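Structures given as structure tokens follow.
Next come two complexes, and both contain chain A; in the first it sits with chain B, in the second with chain C.
Up next is the complex of A and B:
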């Protein structure tokens, strides 16, 4: 029992200690990332305001993340409805294929997409990153939305239809409000995944780098390193915030549908 | 042959030769049935007999292979569920959890030409009818099972459908609540005068609530009658066995100069009438059925009003108001169940006691 406890604590330290170093050095006055700390400063955060390439990368990443999240969630709604509402031959196989990017190494997705795009004679750019990110985000969206749709009693939709609504207005008045927490949660998780995805973006980004790709390129200039740390700190805080909001929505949805919380995605 | 609505009722629903397959499975095998206006009609049967499929066919949720559904003189083929003058109360109640009680009840009124105030009034009136007045602002997901049931009823009735379809509406309630709702449903039906079609697997519930009951087995209607006829004169052994408790004993039948004589193992010979043989008088081997309440234990001083046979008490089940005895007639191996009211001053007999049992030849039903 005691060894297990020690193991668990060591494991958590190993996982999260590096992340705590990020804010530590972001507020340190020295440009060299090493102990001992030399003093407290917020100048790296103000320095961020002047680096325009970083702003472009941030904006680019944001644009890609929002688009991929919306696309992945829309595909996720279709996929989740197909897998929970209907039965057709080959359903399991098709669902398996859609979920495959979840376990496929990203480098394979990235390289094969790059090969296909170049062979087709097209040039890479934001659109190709969006395509790649939609591909890897869709399985996550489906996983979340599947549980949202599965938790929905099918007789609710039948009842609405029986009470005079059409298929479309049933979806709008009953289905959509009841799976909305799942949709919000799928959007936020897809957004987060796309925002900090590196490999696909690195291969497919072309002339406008996304934020992770830009940060990677900056590591060659030690002078800029503390600013990178500052940006990293902001991103960590934002990520935690987003994931927390997503989970709150998911739980609220489960509660509203009168379900017991079974742990869910996180 | 179509089962007609009762002559005093105008037929409202007419089902003609309805056939339905689920893949290989033959769910409905030629249903021919008329249901009258203002009737409380029950579809009764074990699970998988097709009763729910038939209800959903009337509602418009199932595509049938062949046959026709007529409702108030209109052919319903190709009319989807949202355009039919029927409304359904689902087994799970299907209350919209994201809406309030009033919003649930007024859900189907969205497209009605009524003003907002009129809609609210109609919803409140419907809630009042089911005994939930003042509950309008409550959140639907916070209601109890019985309350959800009432909201589902109000939500369907507010649209004034020609037919209300109820899919096992009471099966999720506890016994006391169920019995209370049975009575309330009968009252409600009488009050609104709408045709109710109830699907249930609970024969007692069907007997209590219905004007007429259709007993279904394997996609076919085995018998359709009012509760009393169904209970007293089941047409087949299977229906007899499904409705209430029915004792069966082997017997032999013979025709003696126009007299129908049945010789029951352990009880002896008696004459029976044509009406007691729903499947026709069987010459030779037969089975006789009789209900527990048609047998009586004779206490010391009593003389039999009918026939009498000696028996041994095998099992005693005490219910408070009633006692059920399993008894074996002399020379018969299968025990027979009889019920006695526990009148004041009458002792409950013990297992192993010998008793004289009175039985009535007129209460027998003979099957081939």
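Up next is the complex of A and C:
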């Protein structure tokens, strides 16, 4: 086990290498992204304040991520509730199809949506990115919410029915509060996925780029690379923060249901 | 006699009916935004483009003939399969010991922390991570300047950027959690008393691992292989940023056909072919895996 532990730690170093290097170059004075480091500066972060196109892209991404997260979580609640609490004909096939975007290459989702949109004579825009992101975030929301709903004791809902509550009011007053941690977790994960997603946005974004699409265009200009590093640092810190909060909520949900924690979202 | 409406109303009050009703919004969304577009792309792959948004009437196999006979497309397809295959082998081999360590070597209360640590990098911007690999593997990159500083090499290594190797390293990094998690889940499910029984019956540690742990972990390994192999074939960003001219893959060509050459039918054909080939390989792999597992069970062990 000792050799395995050394290997595990080396593996973590490999996994984290890009993320650790990012802030080193973001705070480095040199415009060339290479070692040795030349000195400390925050100038690249302040430079970000002057790039208005980036601010537009950021705002656009934020709008798309919030909308996609809400939609994916709503679809996730329906899907997870149906698959954990009920048995219906064709369940395996239907659920498998809904979860398909998890393994489908994103470029396939992107081009197939693009041809339909163009064939219908519509033009792409934020709405089409939202449509695509909702599609790929829904399986993640379902995976998280499945464990939230599975942990829910059905006798609590039955008690509510017996006390005269309707299906709708039981859902609102009993089910919803109990799965709330799962819902928050699903919202945050979906938001993070949408915020970072590139391929679908690249194909479907139209005239207003999202932040990753704008970032991709910045990569072609060596002069802008330090600013890319600064922006990347902010994004990575933000993602880790959101994911940590999501994990805390997920665990709280699991604890509330008295489940043993199995760890991980997937 | 009940009317059809009456029957339907009754059905939607049963458990099955409520389940179907509940799943319908999500299923309809997937139907409209996934099934319909996937069908559309298959249909378009049989058309030929004549104008910006116009297609010639009638279906034809012209695109398939071109995609299969043109050596450029064939080379891209073969290279994509080779890269995906190598990434899968490398990722799963590297991932297995980690999953094994977390499942067998970590205290139960620390397991979720390890899994969380392993998944964090996956949630950060893919674009940024790939770009950082370019910085690490470059001519004056972190790896080369580091190795030079230590004195292991005199000249920068050039075989690690702008080629297939760089694509494989970067993708193996990106898909690591996808391989670790299913194997970990399979290992966690193993009843520990089986291992004790095996040891009590005189098997060595190594033989116990080979004859008990490994076969029981097989479903996880199969899942890991598929979950890495299928999406990597369609990766666009990694070949674009670190692959150089010799490292481009089929997704880059699909993008070129759609967004640059405005030849959606040919792009659609390449996408359909890539998916078909991947599906066939995945199914063959599943059947072989299932046979191997089933054969093992029937034959008995020892």
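For this structure, a couple of remarks:
The rule is short, and it goes like this: the second predicted complex is superposed on the first by the 255 of 266 C-alpha atoms of A that agree within 3 Å, B and C clash if a C-alpha of one lies under 4 Å from a C-alpha of the other, contacts with A are read in each partner's own complex, and residues count from 1 in each chain.
The criterion applied here is as follows: a residue touches a chain if its C-beta (ideal position, glycine included) is under 8 Å from a C-beta of that chain, and two chains touch if they have at least 3 such contacts.
A quick note: this is a predicted structure, and the numbers were derived from the prediction, not measured.
In the superposition on chain A, A:8 makes contact with chain C only, not with chain B.
When the shared chain is aligned, chain C comes close enough to touch A:239, but chain B does not.
Judged by the touch definition given at the top, the superposed model places A:200 against neither chain B nor chain C. After overlaying the two complexes on the shared chain, residue contacts for A:130 are found with neither chain B nor chain C.
Contact with neither chain B nor chain C is seen for A:230 once the two complexes are overlaid on the shared chain. Taking chain A as the reference, the larger set of touched residues comes from C, when chain B and chain C are compared. Applying the stated contact rule after C-alpha superposition, one finds that A:192 touches chain C and leaves chain B untouched.
Taken together, the two structures place no residue of chain A in contact with chain B in one case and with chain C in the other.
Listing the residues of chain A that touch chain C in their complex gives 1, 4-5, 7-8, 11-12, 14-19, 21-22, 25, 32-36, 74-76, 78-79, 81-83, 85-89, 91, 94-95, 97-98, 100-109, 111-116, 118-119, 121, 131-132, 134-135, 138, 142, 189, 192-193, 196, 198-199, 202-203, 212, 215-216, 219, 228, 232, 235-236, 239-240, 243, 247, 251, 261-266. Residue ranges on chain C touching chain A, taken from their complex, read 15-20, 22-27, 29-30, 33-38, 40-41, 44, 53, 94, 97-98, 100-102, 104-105, 111-121, 123-129, 131-133, 135-136, 138, 140-142, 145-146, 173, 176-177, 181, 184, 188, 226-227, 230-237, 241, 251, 254-255, 258-259, 264, 267-268, 271, 274-275.
On the side of chain A, the complex with chain B involves touching residues 153, 155-156, 158-166, 173-174, 177-178, 256-258.
By the touch criterion stated above, chain B contacts chain A in their complex at residues 59, 61, 80-83, 86-88, 90-92, 94, 96-98, 107-108, 110-111, 141, 155-156, 159.
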